[in-house]
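Each of the two complexes below includes subunit A, the first together with subunit B, the second together with subunit C.
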Partner chain A sequence: MRALTFAARNLLRQPARAWLGVLGVAAVGALLFDMLLLSNGLVISMEQMLATTGFDIRAGIGGMVPGGGPLIDDAVVLADRLRALPEVADATPVRFADGLLARTPRPLGVRVMGAASAGRPAWTLLRGRDLTGAPNEALVSQRVLDVMKTHIGGTLDIRTFAQGTRTVAPAEHLTIVGVAEFPFESERGTTIGLSLAGVDRVAGGTGAERAEQFLITSADGVEPKAAKAAIERAAPALTAFTNDQLLVRMQQGGLSYFRQISFVLTTVTVGFAFLLVTVLLTVSVNQRLGEIAGLRALGFSKRRAMADVVSEAVLIVGTGAVVALPLGLGLARILDWILKSIPGIPASLHFFVFQPRALVVHLVLFALTAVAAAAYPVRLVATLPIAATLRREVVS
Partner chain B sequence: MRQIAAAAGLCLVAFGTSLGAGAEETRPRVLISRQLAEARHLAPGSTIHLSSASSGERAQPFVVQGIYEPTPNPMEISESKFKVRLHLPDFARLITDPNDLVRLETVDQVNLALRDPAQAATVATRLMTEAPGIVARPVRVAVGGAGTFVAIERFHLAIAVVTIIASALFLLALSVMLVDERRDTVGVLRLIGLTSHRVLGQVFLEGLIVATGGSLFGLVLAAGSQAIINQYFQWHYNTALVFVRVTPSVAFLCLAIAIPLGVIASGVASWALLRRQLMALARR
Partner chain C sequence: MSVIEARHLTRAFPMPAGPVTAVRDVSLSVPPGDFVALCGPSGCGKSTLLHLLGVVDSPSSGTLLFDGQDVAALGDTERSHIRLRKIGFVFQRFFLLPMLSAAENVELPMAEAGIARSTRTDRVRDLLSYVGLSARASHRPSQLSGGEMQRIAIARALANSPRLLLADEPTGELDQATGLQIAALLDRVNADGTALVVVTHDPEFARRARRIVTMRDGGLVGEEAAR
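For the complex of A and B:
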């Protein structure tokens, strides 16, 4: 009989103990698998989100990551200049602001996004029509429509506190022309899309087309790095960031917490799995010392006896690791749902993202755990004195 | 009482020890964060040049009056710890055109301390009604970060629940094995006249002692490791923020979960054995 079959039969002799061990490993394994998904999940998800917007470069002024920096004057003219570059396929100036919609009993806070698209739109139109550039037209997210209990063709009264303005303007009347899905909008997000002139006007400006940043698409066959260099040459006041650069910034910034906690919990769960299997195997071997000595006396080699113990570890850890995968995926959905309740998290962002690499690391870690956990019980078997153990067994 | 606040990204252009005492006295004073002082080897009396432009244009000299520890803020954990505090007029002159009198009088916000904090929402509504264009929000509404920590707390709780489930399974498997090992002893105890309940009571007591000892050891381990964890993360993020704190309520919660869990695991494992026939226990 082969070692693996022998170990399987040995485990089946005491199914309760075997299943409890397997389930314990599976629970720990599920947590380990989730932590591996978390370690890179947020970065991968963010990368996917940035890619789905269709823009691979973001540019602003002030030398910092675009967003919240100084406003760019004559943004539409500058966008035309950028579009004329051979390395650039499209450039859309955008501006953001926070605002309040007049509503009873209390105002509704909204995010206002202003854009002047010439090619790829900065949002996805779901119903109605897109903006024509008139400052009193607005696109709204479905949630705004639901909360305000209004419809396409209805009106909204809005006040904004746009970046770059020092006073809050009086309310402006807007006409809803369509419903759109806005990039990076949270599940409970309320966003309104306006033209650049529209944002400036409701913010108390003169209707000037000023922007906070440019969303830029590189031309076909042009590396984003090359397009970034061309943009900075053509407009020295602008600092451009490729999506990869933005991801690096994010990894060094707010996303690092989840990598840290992932590392800590991965270490703890592997340690826990190691302890669990070591203790189970050691107690099991100690209980079967007489039986093992008997088998050795009957002619089982030392190597074969050791192989039995390793096979037992492989069966417990292997079965646990496989059961851990569906458990881990289910748990990941729950944990993702919990973390997505953080205010402002985009609806399409996920903290736990499946990657083949995570699966490979999960299996390798468990294989190493099985081998390490079997080390001490194997040593017990290898150094077992056959005659003395049999004698002790008979006397007891 | 009111507090006026303004903030902006500034550029530290140059730093060093100072010029003549006369020139220093006329220069505006600033406070700098401990992290900035350590990174640039600055001390009270040092002269620094600050500019609102990333290119360093129109930099102005300031004298470091003192060094302060920024209030630990979890929302700013990954942000720059290099901070400078200026008097508001100095700050306004630094970031605006000195001839623009309107902008020199401009601030981002005015913080109010109310005689009756419970009236914050009412006061905010009244301000917005009586002064069109003003946006007033109670602090507890304006602090959006609270939701972040509620979600992270739930996340940690979910991980703790999974860990407890894994521990419970581990404990149960171990208890089953240990009880099985004592099958002969239990058989003999039953043969000499001890009842199942008497043996079970003994097992419960043993379980209680082991669970209490294990839980206390776990708490000592957690209390010991919290300093290491805090030191690591405080070093990593260069902050005075406390990341792990074993409070009495946390310790009590751990004991309240771990001890009953240990006792129940011992009891369940033993009960399966004690249900067997006496002769089967004694292997006869």
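For the complex of A and C:
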């Protein structure tokens, strides 16, 4: 009888204990798997989100990661210059603001995204028509349409805050020309799209075409790094970031906290699994010392007796680790849903993302846990004094 | 040549109050086909001597030769190999594995010895028939009586056709009638050519042996031919 079969039969002597052990490992394993999905999930999800927008470079002024920085004057003219570079396929200047739509009984907070009509659209048009550049035209998300109980062709009154101040600008009268899907919009997000001049006007400006950043697509066959260098040469005031660079910045910034939390919780869950299996096996071996001594007296080698214990650890941990996978994936969906309900989190962003690497790490960690957990009970078996144990069994 | 030969064996156990000598300067030789009963009061060192003869314990001093080979020079693997292939053990408490059937318990030492499945199956059938428990092959130990469990344990001890069978109080947990059945079975095992060393308190059982060796305070104090 092979060690694994023997171990399985041994475990089934007390099926309740064996299954409780497996379920314990599975529960711990599900958490471990989720921590592994979380450790890189946000970065991968962010990478996918950045890639799906169709832009692979973002540029702003002030040397900072684009977004919320100083405004770029004459953005449309500068975009034309960038578009003329052979390394650049397209460049779209964009600007963001927060606004309030007039509504009874209270106004609706919205995110305003302004983009130049020339260049690749920063949003995906779902119905109606795109903006022509006229300052009073607006695209809205479906949710704005629903909440405001209006329709394409309907009108909206919007007030927004001038950038960098808490001053409310005068209300602007907008006409809805279409429904669009906006990038990075949250599940319950309310976004409206305007022209650059439109954003400037509702922000209390004169309708100047100023932008916060450029969304840029590098030309076919051109590495984003090469396009970035060309952009910074052509417009020294701009600092460009490729998507990869942005991801690195994010990993060094806020996303690193998730990785650290994930590391700590991974260590704790592996520790729990180790302790659980060690306790189970130690109790099991201690209860069977007489039997093990009997088998050794019958000629079972020390190596075989040790292999039996390791096999038991492998069976408990292996079964638990496999059960942990669907359990972990289910749990990840629930946790993802909870985290995504935080206001402002983009709908297409996921905290827990399946990666084959996470699966491999999960299985390797559990294999190591099984071996480590078996170490003490294996030592008990290896150092078991056969004669003394047989004598003790008879006396007891 | 003797199957096993003990020369001046001593086994002392270190204790806080000083070493306790369980076996003292024992010399004993068991030729092939012999039947030795080890008798003596409780605590006189019978089981310790049996463990030394069964290569599950090592003497503090003295020499133990198995088939002329000094077992002191052997490592754990070689000692396990001798126990597996050349020695059979019968315990007072049977030590059958509760999760295995009677047949699987008997098969276990053969599987460990690497004997082919078809040979094992035939041998298990023969051994169960030998101990009169063919009908109980698929029963678990918990479904067997004490006497039946000991007969299965004897079948298991005979699985690899050992040259020496060691039994430590094999009737110690059985009633008198069942004990007699086990004694008769061991008689038969010996008659079929296996050397036997049995530790027993039962004088009637001891009289079935060819030699009765009496121990006291760890030493051999007498030997008589029983039949």
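One rule holds in what follows: the second predicted complex is superposed on the first by the 389 of 396 C-alpha atoms of A that agree within 3 Å, B and C clash if a C-alpha of one lies under 4 Å from a C-alpha of the other, contacts with A are read in each partner's own complex, and residues count from 1 in each chain.
Here is the rule we go by: a contact is a pair of C-beta atoms (placed from the backbone, for glycine too) under 8 Å apart; a residue touches a chain by one contact, two chains touch by 3 or more.
Quantities reported herein were computed from a predicted structural model and do not represent experimental measurements.
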By the touch definition at the top of the document, which applies to A:301: first (subunit B), second (subunit C), both, or neither? second
Between subunit B and subunit C, more extensive residue contact with subunit A: B
Based on the superposed arrangement, let me know which partner A:280 touches: subunit B (first), subunit C (second), both, or neither? first
Under the stated touch criterion, which partner chain does A:391 make contact with: subunit B (first), subunit C (second), both, or neither? second
Using the touch definition from the top, say if A:9 reaches subunit B (first), subunit C (second), both or neither. second
I'd like to know which partner A:205 touches here: subunit B for first, subunit C for second, both or neither. neither
Name the contact category of A:291: first (subunit B only), second (subunit C only), both, or neither. second
Subunit A touches which residues of subunit B in the complex? 9, 54, 77-79, 103, 106, 132-135, 144, 147-148, 150-152, 154-155, 158-159, 162-163, 165-166, 169-170, 172-174, 176-178, 180-181, 233, 236, 272
Contact residues on subunit A for subunit C in the complex? 1, 9-10, 12-13, 290-291, 293-304, 385-388, 390-391, 393-394
Complex contacts: residues of subunit A adjacent to subunit B: 14, 16-17, 20-21, 23-24, 27-28, 30-31, 62-64, 100, 161, 166-170, 252-254, 256-257, 260, 265, 272, 276, 279-280, 283-284, 286-287, 331, 334-335, 338-344
What residues on subunit C touch subunit A, complex-wise? 47-48, 51, 54, 56-57, 76-77, 80-85, 87-89, 91-93, 95, 97-100, 104, 107-109, 111-113, 156-157, 160, 168-169
